[in-house]
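First chain A sits with chain B, and in the next complex the same chain sits with chain C.
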Partner chain A sequence: MAKKTETSKISVRAKQTPREFFTSWLLLFAMLVICVIFYIANPRVFSAGSVESMLATASMQGIVALGLMFVMTTGVFDLAAGMKSALAAAIVGSMMAEGFTMGGYILAIALGIAASVAFGVIHGVLTINLKIPGFIAALALRMILQAVVALLTKNTVFYSNDWGEQFKVIGQGSLFGIPYPFLIFVALCVICWFFYERTRTGRHIYATGANQTAAAQVGINTVKIKYISFIVGAILCAIGGILYTSRNFNVCVQQGLDIQMPAMTTVLLGAAFWEPGKYNVPGCFVGALFTVLLTTGTFSIFTGGLWVNALLQGLAFLIALGLISRTMDGGLSKVNFDM
Partner chain B sequence: MSAILEVKGLTKTFGGVNVNNNISLELHPHTITALVGENGAGKSTLCKMLTGVYHPDAGQIFMDGKEVHFAGPGESMAAGINMVYQERNVIGMYTGAENICLGEEQKKGLFVSPRKSAEIAYEVREKLGLKVPLDVPVSKLGAGEQQLIEIMRAFRTSPRVMILDEPTASLSKEEIQPFLDFVKRVRDEMDIAIVFISHHLEEVFEISDQVVVLTDGNMIINRPVDQVTEDECVAAMLRSDKVTPIEVAERDVITGKEPLLKVERGVYDGKEHDIQFEVYRGEVVGFYGIVGSGRTECLETIYGLRNAKERSFVFDGETITKCKPLDMLKRGMIMTAEKRADGLFRGLSLTDNICNLFLDELLKDKFMQVIDRKKAVDFTLEVLTEAEVKYNTPAQAVAALSGGNQQKVAIGRSIALQNIKMLILDEPTTGIDVGAKRGIYRRVRALAEEKDLGIVCISSELDELLSIADRIYVMANGNVVDCFKRADFNKLNILETAVRGRKL
Partner chain C sequence: MQATKKFNTNEILQKYWLLIFTILFAVVVALVEPSFLRIGNVSSMISTACLTAIAAAGLVCVQAIGEVDFSTGEVMSWSASMICVLLHFGHVHGYVAAFIISILSCLLLGAFNAFCHVVLGIPAFLATLASANVFRAFTLLLTDNTTLYKGKWDSKVFTFLGQTKLFGFLPMLFIVFLIIAVIMVFLLERTKLGKCLYAVGGNPRACEYVGINQKKYKVIAFLICSVLCGVSGVLQASVANGGGANSGDAYQFQTILVCALGATFIKKGISNIPGAFLGSVLLTMIANAIIMIGLPNFYQYAAQGIVLVAAVLISVRIRAKNERS
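Let's turn to the complex of A and B:
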């Protein structure tokens, strides 16, 4: 039969058309343009302190977004992600006491992550085994989580003088002016990207989310894959939440509520970047920076920037989603809102 | 040459019905075995037993002379039996290469290597002599190319038996011949047995070596292709009589009358369809064709449910080129959905299901749009009694009724329209037991004969149409190909017209 193709001639992925190239990089172009505009309007947006703060905020939001992305890739719109992150933070916060050794901190953080994972598994049982639509299960879970967090934080903005320097440093410390949270975010992005693109489990998560029947047909254990997504997602949410608490040096119910929407925006904006129509890690990275930049910039330029910020975020969102539906053949088919 | 796969006395029963009855056949290498039969003849069930989706109630499966039991599709695949289903099952965002290696991603050290996967995929493509691009997301490819991707996926492991379920159904006309040539080439060059499921006899006779005809779960023909004719196949496909015909007197409601509906042209789903037909008052017109022949699409276009680029028909003396379902409702035409679930509000009560078509007439107060509860319940009871529905209370959910009674609700509600002139029923008796079917048939006849309605009945059961229709139109490939009057009803001719796709 036919002779073997020379391996060097194999094209793994076709070159993008100019139009596809434009679409997939648009979010970054837009971000650079916005940077220039903000810099002209108010150079202080890019002062060292402001940049540090923006990077740190984007990182915490981005890490929760990474966690949310795992769950959303399998097709569940997770409204409880923010509360899962607050739960981990509240557990860490309530456990820490004076004279904690390094081992104590690690134990507290491990328990915080474990609690978030436990709720991730419950979310999995509700949607995968009991077949409750993921979106509805998330709504209910979010309420229950809110109750647990309120209980742990004694209904206040909870903080303690017992929280030591070692804890403070992970959220507030920096290396050569780059905040630790950003370094952690970059590291997690690299790990997540490898996980999605270069491991079988990651490839199967995308496959299961895109077409469960097809995935099952080639022998992928879709139930296992979905549980893995819920668990990994919960771990990432927990890390984001703990960083948030370390940085702000408090934990409260509001923390979980505050981080939910930006995280969701980040994931969805990210689906317009890099590989439009698919939730992806580079998109999450740029999406997080984009939303934080937009917020910080508008607030520093406009006094009473609340409405401007909301309007700009909304428009950015619309344009991004509009682009996906226009460039993808099936519109937003891969961005599922339910299982 | 010894057989790769052999089945002996395979039997499968669902709910007391023998879907496969004592089937024995052999599949040989370098051989294409065509599996032919009407809808519901048991082709899929047979294949699903071979792929381990179903387990046979009786009978044995042998591979290379050794008996095998498949617990699931995974095991049959490992044994070398692969099936490409009629529906496309690909991951749209993945490239062709990634789809081909799905589930078996190639690794380099710890990590998946897209390049290594691609190498395997290109090798498979080379082996099969295909040219489908493998480096673009498959969502950018057409259905035909996606199917080839799935076939390549099946060839990644060297299969011994390949089952192709209606592979030409998703192909355009130009794609079919190259595809058939491809299948023939695979047969000639590879040590593999191919099962080719198709409705289209011409394709079957072009490519197959062995022809197997199933009818009602029984194997009627199993012969080499040169020892069987198309006519014999058609004759074998005819179902044994399941339907007891109801008495229909021969009547002439056509001569000298104006048609109620006269369809002239329709351009929809991207092409012009030849859909000229008429419906007169007081007659039942059947629409027959194999699955995918475009019957539902044609009538949905008339009803305004389907977007059409162009359409033109005369209904009740009025020439219509643009329409929406609501316009047609007001003009007196109504269509019931093919799936009952699409036509009824399953969780809602009988009252809601029946009255939602008539809310304007059931208002207590036009301005505030308040519905008169009592009037609504009275109206519901009237419709239910008229339609002879068996129910407990009008407040019960429609989903709690049996299939036959649900259908009666749908029809009863439709004909309660004040100015009803024409009723289109799409597969009105699917999933209904025999007794309930007779009830529906009588009702349909009564509506035509007593109420003088024009009724269109789309059905895949030829016996059903032979029983109730005054005339039968046969559709194929989206076009109306022939029309039979009751006096010329001939099961063989009608079925042959449908499977050949042209006038005899």
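Let's turn to the complex of A and C:
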């Protein structure tokens, strides 16, 4: 199986036109260019502390983006991904208490992930079994989760001194100056890449998203595959959310709302990288670094860089999308908006 | 005979159950908390609902062509900020001129959306997500990230549309909404333009065969949407006594929610203006009732989410049942 995929991949690669080749590396090239520009404008963007913080932020955003990628591959525009991550964080936050042992933390984190998965499954039931358009189900879930998270966090920026120092480690600790979240992100990227590109299930997820009817006709159990993508997506979102809480040492509703759009941008910028027109793991990795670099850089160069940042993010997004739709025939996999 | 009669009640139920549910909801809340029906409360609810409904009426056009617009909220912020800046810094004398300029400037934003979707060929939901960022940048630049409040300029004229109540209870906003709704319903249901918009969304391939210029209608839909969002933004500024880059934030998803609810009313699965209005009334009532009863306000999100799922679920089920029989 693995070998077959590889050979077919090589043949696809060989057919790449120069234009497609250009598109597929543009994001990395653009990132290097803005690195140089930022370095000239303000070298402190690349001070050790700043780089550490950028890597950590990119990791948390990137992990949620990976989760979103799996759901979006099957053609569901998941507006609830950010809130799923906040839910896991809120559950972990509300469970932790003074004098927690290691087992306690593991249990709390497992329950947090389980809750996120539960909502992933509910999302699946609503879209797959009850045939509600995935986008509307996501919108509704987002609102319901907003209330659940507000309830768990008492509608405040929730934190507690009882959470303990151990909980800080996963988000704030670092190994030789590389923050743990980034190491976790890299590990998850490798796992996800292997799962997505090199396993039967991963290829089936892609096939289901590309053409559901065809996938069903060649004997893929599309219902099962869709559920798997919802569950994997929810697990990744939960990990991202818990890391975020560990790093910032608080959890609130706004956390879930704030991470949604950057994660979405990451996935879609990523779709312009490596294999244009297709959501892919290397793209998520580069996309996450790119968006965070853009934000940090503009804020450190322009005082009151709010509008510059919004403009650059919007334009980067548009250029990526424009390139995808100009260079690729099929464009991105379709998302269902029927009401 | 009996069979047809039974079919009719079924049909009436599936067409109007959103209305029935809204009325039932109002009755139940009024029984629990009689002050819900106080005139002041009702008219403030109507005002709020109308603001959403005007923007949603624009979104209906974009949904008619089978696309979604995520930039409605940012267009509202833009026009709300625009009118405040024009009046505050006194570059424009006279409210009417500022009003018209603000709304017309939204045409440019709509044209930008249309350019991204039609010329660049980006799916509209992505193009508008990106352009929402760009519009936000414009608005932040325009207002320097501050909220401008009335005071310097003639406040009575400014708040006329947003805060006047005819005969002491009927909000002026409702009249504005009615005028817009009548025009839009006429446009969508009775003219060639409206039919073509729905045709472009309903069956693009057929449009190609009969020679309908799809690009033209897509551009028109985005322009109408941006203008109506602009109107809604200006009115929002009038209601809130001022505006800034955050004026329209709450409306980005609210309008989509309202259209999704509205699509379960009368015309099943198709966004329409009466449905959008009813949807915004229902959502406003839920938000208001939660506060009236004394629950923390975040419960409104859960209630609105559940109502949305229930509404769409019921309409999907009914449609599936009809197709089977």
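Keep in mind that, in the parts below, the second predicted complex is superposed on the first by the 314 of 339 C-alpha atoms of A that agree within 3 Å, B and C clash if a C-alpha of one lies under 4 Å from a C-alpha of the other, contacts with A are read in each partner's own complex, and residues count from 1 in each chain.
Going forward, a contact is a pair of C-beta atoms (placed from the backbone, for glycine too) under 8 Å apart; a residue touches a chain by one contact, two chains touch by 3 or more.
As the structure is a prediction and not an experimental result, all values here were calculated from the model.
Chemist: Is A:210 touching anything from chain B or chain C once the two structures are fitted on A? First, second, both or neither.
Modeler: first
Chemist: So, does A:20 touch the first partner chain B, the second partner chain C, both, or neither?
Modeler: neither
Chemist: For A:278, using the defined touch cut-off, is the partner it touches chain B, chain C, both, or neither? Pick first, second, both or neither.
Modeler: A:278 sits against chain B, while chain C stays out of touch.
Chemist: Among the partners chain B and chain C, which is in contact with a greater number of residues of chain A?
Modeler: Touching more of chain A: C.
Chemist: Applying the document's definition of touch, where does A:258 land relative to chain B and chain C: first, second, both, or neither?
Modeler: Neither partner.
Chemist: Touch test for A:52: chain B only (first), chain C only (second), both, or neither?
Modeler: In the superposed model, A:52 contacts neither chain B nor chain C.
Chemist: On the A-aligned overlay, A:150 touches which partner chain: chain B = first, chain C = second, or both, or neither?
Modeler: After superposing on A, A:150 lies in contact with chain C but is clear of chain B.
Chemist: Can you give me the overlap between the chain B contact set and the chain C contact set on chain A?
Modeler: Chain A residues touching both partners: 334.
Chemist: What residues on chain C touch chain A, complex-wise?
Modeler: Checking each residue of chain C against chain A gives 63, 66-68, 116, 120-123, 125-127, 129-138, 140-141, 144-145, 253, 256-257, 259-260, 263-264, 269-271, 296, 298-302, 304-306, 308-309, 312-313, 316, 320.
Chemist: Show me the residue ranges of chain A that touch chain B in the complex, using the header's touch definition.
Modeler: Result: residues 1-5, 7, 10-14, 194, 197-200, 202-204, 206-207, 210-211, 213-215, 217-220, 275, 277-278, 328-330, 333-334 of chain A touch chain B.
Chemist: Which stretch or stretches of chain A touch chain C in the complex?
Modeler: On the chain A side, the touching residues are 77, 79, 126, 130-133, 135-137, 139-144, 146-148, 150-151, 155, 253, 261, 264, 268, 304, 306-311, 313-315, 317-318, 321-322, 324-326, 331-332, 334-335, 337-339.
Chemist: Can you list the chain B residues touching chain A in their complex?
Modeler: Result: residues 73-74, 77, 85, 89-95, 97-98, 102-105, 107, 110-115, 118-119, 122-123, 126-127, 129, 133-136, 139-140, 153, 189 of chain B touch chain A.
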